[in-house]
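Labels A, B, C, D, E and F are assigned to the chains in the order they are written; within every chain, residues are numbered from 1.
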Amino acid sequence: MDVAISTLLSPIILFFVLGMGAALMRSQMSVPEAFSKGLAIYLMMAIGLKGGIEMSKNPLTGEVALVLLGAVVLSFSIPLIAFTFLSLTTKLDRTNAAATAAHYGSISIVTFVAASEAVQLSGLVSSGHLVAAAALMETPAIITALFLAHKGAGSDAQVAGSESGELIREVLLNASVVVLVGALAIGWIAGDEGTQKVQPFFTDMFQGVLCLFLLDMGLNAGRGLRQGWRQLEPATIGFGIYMPLVSAMIAAALCLVLGMNAGDTALLMTLAASASYIAVPAAMRLALPKATPSIYLTLSLGVTFPFNVTLGIPIYIAIAKLVAGEG
Amino acid sequence: MHERLRIELIIERMAYKRAGRILEEAGMTGYTVIPALAGFGNGNRWSRDTDISSSSDMVIIISIGSEDRVHEALDEIRRLLGAHIGVVTTSPVSVLRPDRF
Amino acid sequence: MHERLRIELIIERMAYKRAGRILEEAGMTGYTVIPALAGFGNGNRWSRDTDISSSSDMVIIISIGSEDRVHEALDEIRRLLGAHIGVVTTSPVSVLRPDRF
Amino acid sequence: MHERLRIELIIERMAYKRAGRILEEAGMTGYTVIPALAGFGNGNRWSRDTDISSSSDMVIIISIGSEDRVHEALDEIRRLLGAHIGVVTTSPVSVLRPDRF
Amino acid sequence: MDVAISTLLSPIILFFVLGMGAALMRSQMSVPEAFSKGLAIYLMMAIGLKGGIEMSKNPLTGEVALVLLGAVVLSFSIPLIAFTFLSLTTKLDRTNAAATAAHYGSISIVTFVAASEAVQLSGLVSSGHLVAAAALMETPAIITALFLAHKGAGSDAQVAGSESGELIREVLLNASVVVLVGALAIGWIAGDEGTQKVQPFFTDMFQGVLCLFLLDMGLNAGRGLRQGWRQLEPATIGFGIYMPLVSAMIAAALCLVLGMNAGDTALLMTLAASASYIAVPAAMRLALPKATPSIYLTLSLGVTFPFNVTLGIPIYIAIAKLVAGEG
Amino acid sequence: MDVAISTLLSPIILFFVLGMGAALMRSQMSVPEAFSKGLAIYLMMAIGLKGGIEMSKNPLTGEVALVLLGAVVLSFSIPLIAFTFLSLTTKLDRTNAAATAAHYGSISIVTFVAASEAVQLSGLVSSGHLVAAAALMETPAIITALFLAHKGAGSDAQVAGSESGELIREVLLNASVVVLVGALAIGWIAGDEGTQKVQPFFTDMFQGVLCLFLLDMGLNAGRGLRQGWRQLEPATIGFGIYMPLVSAMIAAALCLVLGMNAGDTALLMTLAASASYIAVPAAMRLALPKATPSIYLTLSLGVTFPFNVTLGIPIYIAIAKLVAGEG
């Protein structure tokens, strides 16, 4: 509980709350897009490097491979569950339900980072390959969602002007995937020693930059919420809260089977519970342009993200401790 | 001065390369893309700086060409706008070096 | 193709929301705002990157609509330009999907 | 509403100040420069974010003025476009406050 | 004197001079707006956090409350004096005089930071609540100026398209106020310990980022001055130099009454003497659109800012030592 | 050899390779222009300061002055050689050959930094005034190139709208020159002690920021190469590889004559070998607008830069050791 409170009162979360509050009170302040995109690239480089450095310290075992495989399976399958819930409980059409489901199968790297901090604060340990899991979970959900959207929709003709391969490039080579996977590999190759000189920038600055980024995310989430909530029925908003819990429980079951420790369990639960708000929206604009961005974004950034970083993470950590028997 | 057509396509950012390919295939000799920073449509306001996903970002594509080519492009652009958010207008303009278009 | 009016309003950045509200109230279905990076007027040159206060920043608002609505908006815009710095022009354009405007 | 000419000059960024001086010398009362983010011409595509040298960057200069002044400027702009990359168009527009131009 | 020189030769000031020199020599270099806006947000977060952390170390006493109240009174009243001087000595019309007066009642946070450094270099101590004073002084001057502008001007009709509340939001919830007050509160809540992990970014980097920002300010000030000085009569330029001294003396008197120490006195004098060049210009474009930006900006950024960071601050510190009897 | 490999596996180079690979695989990711321009200014400030601080430790001797003079002579003369090669072996017209030659006479500061790291890794020492040499070499090459382009071309009329002095300002007061020279002077004036407080930002962060910048350069180089290589004949591409070697050998001969140590020799060779991709292209657009940017840029950024940072620098260091007899 103490940990939960000190997580909630950490500067990172407080800056998010500040941004969200300012936006809800209709402050006109904003962080320039070019600047926050630059910060996002920094954050992904830092996360990737950190994961790679940690992975370089241990050999890649069969267990690690199993965890990564499990992560991919989660990303493929969570959209099926999400889609089912959305179809049964909301009025979203097939396209919007599929597009929204893709977001929940994919991940939010900032939520992952917030969980890593909280895990560490709780005195648990976690391993670098969870960063690899995060990178691997970005994409599969999109494939499931496209399958769901097109099933039964007949074969739609190609969008005018589209080019073969453009969607695959967007999905497999978007900035998150390139930077996360690339930095992971670089951290792995260069190791702790080889990255010594870049660590002041990527390690010492990390928490501070995150504060600035979360201020911006709060502004974004708040503004999105203020404008978008009218478009969401209560059942859809509810989905934004219970779906992360459902995904987290599925991940917890998987971790139990794989015998993972509490720290890694909490992180994989968080990855499952988190919803994308950068990579998947971009892919959806290309692949399912008729889906409505304000629905999936308001839900993912305005409802699920704030829920996860405030209440969700402490819950996932508590459950992870029980599941791993480290309570 | 010679008469040409100017096509102005206000379209979502993620779709601009598709629009560009259409213009190229219709034989337009060039186009220029400019960023929008805010807008309003369908009852919603958006602003680039507070949309971390960039999914409501719009751009404007401007292309000058001969009437024939513009009309050839318009057919496909109509199809594009069946899928993507956007507005297209054309208007006559005078140009200096007609052989360029 | 159908005829509509295109209104183009070059106005100081701090005032663009006011202009937007006027267009919305006149029933225009949408508008798009693009940033300027430099300009000249009244003997002065300005540039976005060297005006830390943003107080000389201009934007351009483009809106396509029916003649009636544009003219309705113009009355209020004339009032707006009594207070704020700006230039407004209108011109006829052809559009593809006339029901949108 | 009164008739004026709108000149739209799509030109490489490094040359915009030269174009601006031409407009000023022709007596145009103002102009506004907007950045482009991408484009296509001569078989090549460019994009601002992946050209560290900025040497393919284009901007668009918009200027409203009387027909006489625009035509005066056009002579020099033709010369400018002999050296620099660019496209120029003019079109008639209606303005609200004719004394400004 | 030694301190004055080492202040003048500090990298921060030298980078400002570099930027100003380059602009006056008509160099075309510039710092992209999006980047320098990002840096400005960083600087305000860092200043707010630092002030909040320091405030968290001492209880809020009645004296502190009095200082804050005094700061607010200064911000409300300085515009009255500035307006009187401008009306009597220059040809500025009522609107321009009022708009300019607002800038001098409000504050420049970068000037405040430069003064904090110089105060420290002089071996004086200052307290965190001066940051709160800075935040509180941003806004009241605007209210006085609007009152001055509209008095006797008859009741003007509302500007077309304006919305009730938009001005109040701009004035009370602009970026400076939101970030400064928010970060101050966060620093206060989280305290020294809770902010440990973000201090490398917000504390260690601060001076360096300031150099970069001041290079940009120099470019801005130089370019503004080169273009704008012809529009200013000598009497107006003179105002940009003597007004800060007048405000500083009023603040010094207040500090004497309140019995503040030399460090805090120097900072409050600097706040009084400094003129806004971001928040107030924005508010003026909304509230008094007929005022001419090139007048108030050239004066505030091109004349008063350089004066304060070079000559002004050493003077205020010297006077503050006398006033507080710490000379 | 070991050093060569550890240079190649340093994070800086790996991030460049990552960016280049992503671009060649047609990833759409990019770093916002405003952000990377901001980083470029930071890098030049940091390099200038470092050089200035080191120069402040030693008196300026006649030898230093000779090295600086030698650097200027190199920058003036390399374009003559480059122009001759291009005229003899490629189909480039006079204007394009001259414009390209200017790039090779000028320098790339990022290549210089990469070489500084490698020099240090090799256990060699180098001096601060090589930064001054870098700054001095930016410009002379442009003058030679303009002379080459206009010789025999008859006197062209002035470009419409051009203003006397605009080219000189662009050439002498562009961002690289202003920031590099300015920061060098500031580092020199303030010295090690005076810059203590800004060193966490400018020294500790440097390597990390460089990684981010090189990721972007890789994206730029890869995209340029993918689009531009079809426009280059094999002989032109060959020039992009052998010209740096030629320039480096000329610089080596000069260093031998001047009796410079191995570290400084390696750096001056690198400066001679490197080709500009920011300052010179901008000057060429003003001065020789009819030259084709995609030719000189693809060559400088897509061919010569990658060659230098991977293979070139280790070669120059090896030769420098031989030349200085420190092998």
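Brief remarks follow.
One rule holds for everything that comes next: contacts are C-beta pairs under 8 Å (C-beta built on N, C-alpha and C of every residue); 3 or more make two chains touch, one makes a residue touch a chain.
None of the values given here were measured: they were computed from a predicted structure.
Chains touching both chain C and chain D: B. Of all chains, the one whose mean C-alpha position sits at the greatest distance from that of chain F is C. The geometric centre of chain C is 44 Å away from that of chain F, both derived from CA atoms. Averaged C-alpha coordinates put the centre of chain B at 18 Å from the centre of chain C. Rounded to whole angstrom units, the spacing between the C-alpha centres of chain D and chain F is 34.
Between the Cα centres of chain B and chain F there is a gap of 39 Å.
Across the assembly, chain A contributes 30-36, 38, 200, 204-205 as residues in contact with two or more other chains.
Residue positions 20, 34-35, 45, 77, 91 of chain C are each in touch with at least two other chains.
Per the contact rule defined earlier, chains pair up in contact as A-B, A-E, A-F, B-C, B-D, C-D, C-E, D-F, E-F. Taken in their complex, chain F has these residues touching chain A: 6, 9-12, 14-15, 18, 22, 25-36, 38-39, 200, 204-209, 211-212, 215.
Residue ranges of chain A in contact with chain F, taken from their complex: 32-35, 37-38, 41-42, 45, 49, 165, 169-170, 173-175, 178-179, 182-183, 185-186, 189-190, 194-195, 197-202, 204-205.
Those residues of chain D that touch chain F in the shared complex are 12, 14-15, 17-22, 44-45, 47-56, 76-77, 79-80, 82-85. Note for the complex: chain B touches chain D at residues 1, 4, 6, 16, 20, 23-24, 29-35, 59, 62, 64, 91-97, 100. On the side of chain A, the complex with chain B involves touching residues 23, 30-33, 36, 159-163, 166, 216-217, 219-220, 223-224, 227, 277-278, 281-282, 284-286, 289-290, 293-294, 297, 301.
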